[in-house]
Amino acid sequence: MTTLYFVLGIPLFGSMVLVFTGQREAAREINVAFSFGTFVATCLLTVEVISNGPLFAWNREFYIDPLNVFLVTLTSFVGLTTAIFSRPYMRIERDHGKMTPRRLRVYHSMYQLFSFTMLLALTTNNMGILWVAMEAATLTTVLLVSVYRTAASLEAAWKYFILCGVGIAQALFGTVLLYMAAEKVIGTEGGALLWTNLDTVKAQLDPGIITLAFAFLFIGYGTKVGLVPMHNWLPDAHAEGPTPVSAVLSGLLLNIAVYALLRCKVLTDGALGSPLAGHLMMGFGLLSVVVAAFFLSRQKDIKRMFAYSSIEHMGLITFAFGMGGPIANYAGLLHMTVHSLIKSAIFFAVGHATQKAGTQSMADIRGLIKVSPTVGWGMMLGSLAILGMPPFGVFASEFLILTTAMREQPWATPFLLLALGVAFAAVFGRVQPMVFGETSVKALRHPPALVPVFAHLGLGLMLGLYIPPYLDAWYRQAARMIGG
Amino acid sequence: MIAPHGGAVDPTRWLHLDWILLVIVAWLLIGVAGVFALRRLTLVARVLFPAGGAFGLLLFGVALNSVWSSPAVAVLPIGLPSLPFHFRLDSLSAFFLLIIGGVSAGVSAFAAGYFRKGEGTPPGLLALEYHVFLASMALVVLADDAYAFMVMWETMALSSFFLVTANHRIVEIQRAGYLYLLVAHIGAIGILLCFGVLQANTGDYTFANMRAQALSPFWASVAFLLALFGFGAKAGIVPLHVWLPEAHPAAPSPVSALMSGVMLKTAIYGVLRVFFDLLHTPLWWWGLLLLAIGLATALFGVVFAAVQVDMKRLLAYSSIENIGLLFAGIGLTVLFSAYGMQPMAALALTAVLYHVASHAFFKSLLFVGTGAVLHATGERNLGKLGGLIRSMPWVAWVTLVGVLASAGLPPLGGFVSEWLLLQSFLFAPGLPSSVLDMLIPVVAALIALVGALAGYTMVKFFGVIFLGQPREEKLVQARDAGGWERLGMAWLVGGCLALGLFPVQFIALIDPVTTALVGAGLGETVDDSGWLLVPVAIERSSYGPAIFLLGVAASFALAFLLVRVLYHGRLRRAAPWDCGYPWQNARMQDTAEGFGQPIRQIFEPFFRMERELPTPFDAEPRYRVSVGDHFWRWLYLPLARAIERLASLIGLLQQGRISVYLLYSFVTLIAVLVVVKQ
Amino acid sequence: MTWLGVFSQLLEIVMALLLAPLLGGWINQCRAWLQNKSAPGLLQPYRMLHKLFNKESVLAEHASPLFRGAPYIVFGCMALACAIIPTLSTDLPLSPAADAIALVGLFAFARVFVSLAAMDVGTSFGTLGARREMLIGFLAEPALLMVLFSASLISKSTSLTTIVETLAHRELTIYPSLAFAGVAFTMVSLAENARVPVDNPTTHLELTMIHEALILEYSGRHLALLEWAAHLKLFAYSCIGLALFFPWGIAEAQAPVTLLLAIPALLLKLAIGGGLLAVLETLSAKMRIFRVPEFLATAFLLAVIGMLVHILVRA
Amino acid sequence: MTELVGQLINLLASILLMLAFAMISQRRILSLIHLFTAQGVALVAATLVVGYATQQPHLYLSAGITLVLKVILIPLLLHRVIARLDVRWDIETLINIPTTMIIGIALVIFAFDLALPISKLSVSVARATLGIALACVLLSFLMMITRSKAVPQVIGFLSMENGLFFAATSATYGMPMVVELGIALDVLVGILILGVFMFHIREQFDSLDIRHLEKLRED
């Protein structure tokens, strides 16, 4: 039980410490230390879950089950590697004069607060607190995105705040309706919003209210996932913030939104019995994959391109969960894990590449392999992995999704084939000249920290070829639980 | 590590699959060793590549005597938890392993001598990609479940992509690599979907389960079309062939030898595995479609090969032609087995498998030959070569063997497979439907025309490069092939000759494969006819290559001796006859464009030609004709433009105005609420 | 491998070697008479061969061993072709070595070597001749294959000896498909043997010569061998024609005594065939080089229609 | 007694709806802020009435928080922003006021139709108000879409929060205390951040017009 306090306590305490010491030289190391502390705490938590299954904490307010335990570890691990990556990155940014001490303070404190909100959202059992944590995560990332204070970052942050704020508000309305339906069944002594209680009693919830609630929740959390009609904030927010922020946004925050959506889907499936939730998710998921693929072919800014690639992958994941069934759910969970690993690895490589070339426009980055093979190869392997080339993990989950889609929803496969083809053509067409060919990029003073990149790619490769048994057991239990 | 199970597996039998996996692991280790010896060229060239070649030879040996044995299965613990990698060695995969082992042994030996100076990527990395490429090809042929197959299939595409873009400083090579990987990836998704159909909703992706599924004709046809699209994209059949003439020439020569010789065969393996093993109830119209596509590809390939100016593009187009012939043969086999004529199907399938083997050997020999020429002269354009038989006699004579085999001339392997294919066409008139009967002679005529045109192309290829006078000064001091290169070439020449002169023994190797796939084989009739290849009956048709060669050699020797004895052997050297015009020079020889001119004239509609004709007032008039491909203008460019337009249309979605974005989510909310209300 | 078989095989090879120049001489004589010119002697080709064998062979400076070896290879191929085609009897031990398709392959083999040798010297005439020879080759070869196929469809076999036996035994029924095949075969043999409508055997005019351009650089014994090979090729083609369309008079294995009768029958048939060829040559004029593809395309289509007709009639 | 309370809540709910309508049609930003404050007062009153009717002590506490937050603190902040950045007028971007009103009416009808089946099942005394709360949320959503200045957009966002808060209190006697606190905290922090942003936008583009924020787009 106590490890959960550490898991949540360390980042909170870290953000407070960094508020005062954020601008000092050692701030970067402190940030890494706190992230490392969180990671150790989550590892202990995972060991606990492995040994004695799902556990409650603080009179059932917090709940760890197979669905969120691997996400917690993943969040803290990627948080740690991003912190390690942001050490050299921020030092170079400070030398370029883009990061003043004050902004560094905001960056470091908000970074830790952001990981606190994410861990809170994952571990909480209360749907209300889940909403509050999501809203808090949005607030912290707004500050992180606007940390450069340029016109573009301000615009991106403003749009991000307004669009996500409105979206999340719909989710609040959905939570209210959910609470209303729960109150009728569980009564009002405060346990009505706990997901486990709702889960046990979901059959008796009133279908009318739950349908409406799910509609609002779907639009709310769908905006945070970046499904297509509500995706407009995502490319601006992910492209304008500093690269570590983009990595964390693309890698982790989207997973949390999908996690929240899954929690609601489980309740709705139980209450309705009809696959309405699944069809909604499938429709919007497929739309996102196709539209994002076509967006990809018009990009000029490297970070915007990979932001759209995140939309495409989130669409694919939502489509997989929409299809339901043990294999598709399993594939969706695997895809979430591997996507966040590979996408953050790409953003690390992109970060260094953009710093070397001094620009984010892809036309000016050429011949990375000649200047620094590690950054070049990191970006090439990363983009190949994200495009679903084996032996990386993304291919494993795409394999499962496509083959089940072929038999269960054959109508969807031509769209998927078109989208994956166009996406591959677009992304690879731009990455290849950047990595190969004659170079115009100058070397950097500080050696880039590329351990995170290859650590992530190694894990992605491992997940493609061998999935550890306990992780596989979690995926199976979670897949059965999501059902549908 | 390997848990063998499946079938009554006696202890000695288990050895073959184990040896083969040993070879594959050895290749991977050599690759990893290459990474550590990144810059040390001599270590990589003198140790790693020969070791790779040796293991290729070992694979060749093991596959040779495992063709007859019963299938062995192995399961590796890696892969998805519910689906570990299954590997199965049956006669079909053993046959293809035979080819992979044989060709890779020769090409690796050649590569040991070829990579002299740094070519863009460090040699160690090249060794890694090269050996991963070999290992993945071998594993593709061994894979026994959809996931393992797909992982190995795309690793093969990925490693060959990195090899194609070895010296990525040249932009065209980057573009060729990009096109290649794009088409390969889309093809792979097609194959993935085909496996999705084949697993018929059971969720079990092993081939054993797919064999047990009885698919409805509709789903079987969907699987067929997807497999045709997927494997066709890798093989390079007509609408999907545009990447092949770009990618193969761009790769370093040993790699293009492996790609043309062996990688295209994995696509044929895929087609055979899906059509005959997994679907096992072919419909007749499948055969017709395959026949049509195969012929179109063959004719298209050979006509374009005849007009090429770059020697490696010429060979790439000739690979397309041979793939076309293979698809036509497979089409005929499907047609026969759809009508239940198993012995005829076995004959056609034997022709296909024989051509797979002989094409693998002679095409890699030709590519390796051009590699030696490229290294000695640094020139790829036929207009700048010529007269190399004097400065590079060894390479010239070796390439001559490859040229004769590729042209399908009697004593060599190319002719045997063409002979078997024409024989199978002759029995075709037994087909029940009269329309097909009418069609078969026309198809046989086209195949004969394609064979003859292949001869035309090969004469042009050999004549313009090796014979005549050198068109550039620097060609005179071109060095002949080095020691390792000669070893590699000698092995491949041996392969071509063996395939040409000992068809009976080789068909005995093919027999278990045809019995496994089509239920009948030529084995017994062929065995007891000794030196003569008699597919069906002696009075019906027979062909004895050994006697054939002996006949020609005997009359050669006899004529030579008699002339020396009866008359004399005096000889005098003088200037060639110049018909009274003393200033003859090398430029007056027939160029590659010239040699292709009749083909451009006769097969005009095939090409999209732009001519640059000089005006009368030009200071120095220049005539240039560029031969283009209709598919680019009528299929690929419109496709790209359509995607571009659609993308710009969708681009409007992100206009930048926040109120518009809010409107989108508002409308979506209302829409969802309306939908949900019902 | 009966002794009689071996004897008839050797007899056939020797007869072919001897009769080939004679056939050439006879055709030249007939042509001269038809064009009311005084004809050269019947044995003129032998004298020409003898003269050439005695002369010294002059080679270009940079001619490669391929150039020197090609005549022998071509001569060897033509000798083997004549050995395989059943001219005198069908009991030939060598004939199973190659059936109809292999025979076409053999001719292709010879043609490729001649073209390569022509390109070896590197003058513009050689390469020009090689290109034209290959152009005719790649159009004539499929037509010849189709002719042989229509014949083999009738006799259910592609080996020439079986074709001859089945056609010879059948009572005199008219095969429409053989009629088409016959016309196509004559057109193909005219093209292959460089006779008038396609190429003038006697000319040395750069613009028109095809066969002559190939052997332009040769002299002495190499030229003799090539000339002899050309005669052998014409002899082989006429024997194929006789075997397919007029098979009567060729001895069978069972009746050895007819072997003696077969020689005069062969001579008679060759004489008539040579005369007809001479008539054909005098009647037609040489075509422009780019009319040849249409000429051979018609031959090709005729052969294919022959096969179709056969299937129609049989089905 | 209870139906009096029910009528009182319905009265307050209708006041809220009327205020939302007024805010849509208002162009002067100053009066917009006054309307927003009025809405805050109505919300506090509604919470007090519900709290009194259902004897829920924590509702009084949340009413107090709302009072401090939405009636005193935020309007003060907005007044200061307007004074410092002298933003007086706002012009509508997409559609003019009359059409917005018509769409508003349609939205209200849609909201009522949507909420009708649910309010029958609701156990709390103020069942009918759910429809009105949903209408308030949709109206403020519409207002954010049609406004072109930063401040009106923020006010629209806040009135949406008010609508949601009213839904929480009317339909379910208020969410659990800890959730109420979290929501209030989020809203407060959100406003602070928006205030800081407005200063930066003003300083960056020397105008608070949203049309300057349109450079990040697909060309």
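To keep things simple, chains are lettered A, B, C and D as they appear, and every chain counts its residues starting from 1.
Just so it is clear, a contact is a pair of C-beta atoms (placed from the backbone, for glycine too) under 8 Å apart; a residue touches a chain by one contact, two chains touch by 3 or more.
These numbers come from a predicted model, not from an experiment.
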{"item": "Touch-network distance, subunit C to subunit D, counted in steps", "value": "2"}
{"item": "Any chain in contact with subunit A as well as subunit C", "value": "B"}
{"item": "Remotest chain, subunit A as reference, centres from CA atoms", "value": "C"}
{"item": "Chain nearest the overall C-alpha centroid of the shown protein atoms", "value": "B"}
{"item": "Chain pair with the greatest number of C-beta contact pairs", "value": "B-C"}
{"item": "Subunit A and subunit D: spacing of chain centres that average the CA atoms, whole Å", "value": "31"}
{"item": "Mean-CA-position distance for subunit D and subunit B (Å)", "value": "70"}
{"item": "Gap in Å, rounded to a whole number, between the CA centres of subunit B and subunit A", "value": "44"}
{"item": "Averaged-CA centre spacing for the pair subunit C and subunit B, given as whole angstrom", "value": "36"}
{"item": "Shared-contact residues (touching 2 or more other chains) in subunit C", "value": "none"}
{"item": "Multi-chain contact residues (two or more partners), subunit B", "value": "651, 653-654, 658, 662, 669, 673, 677"}
{"item": "Touching two or more other chains - residues of subunit D", "value": "114, 141, 144, 153, 213-216, 218"}
{"item": "Chain pairs that touch, as defined at the top of this document", "value": "A-B, A-D, B-C, B-D"}
{"item": "List of subunit B residues in touch with subunit D within their complex", "value": "651-660, 662-663, 666, 669-670, 673, 677"}
{"item": "Of all residues in subunit A, those that touch subunit D in their complex", "value": "126, 128-129, 131-132, 135-136, 139, 142-143, 146, 149, 151-152, 154-159, 161-162, 165-166, 169-170, 172-173, 175-177, 179-180, 183-184, 188, 190, 192-193, 206, 208-209, 212, 235-236, 239-240, 295, 298"}
{"item": "Residues of subunit D touching subunit A in the complex", "value": "114, 117-118, 121-123, 130, 134, 137, 141, 144, 150, 153, 157, 160-161, 164, 167-168, 171-173, 175-176, 178-179, 182-183, 185-186, 189-190, 193-194, 197, 200-201, 204-205, 212-216, 218"}
{"item": "Partner subunit C, residues of subunit B touching it in the complex", "value": "386-387, 389-390, 393, 396, 400, 404, 407-411, 415, 419, 422-423, 426, 429, 434, 437-438, 441-442, 444-445, 448-449, 451-453, 455-456, 458-460, 462-464, 467-469, 532, 538-544, 547-548, 551-556, 559-560, 563, 566-568, 570-579, 584, 586, 588-590, 594-595, 597-598, 601-602"}
{"item": "List of subunit D residues in touch with subunit B within their complex", "value": "93-94, 110, 114, 141-142, 144-148, 153, 210-211, 213-219"}
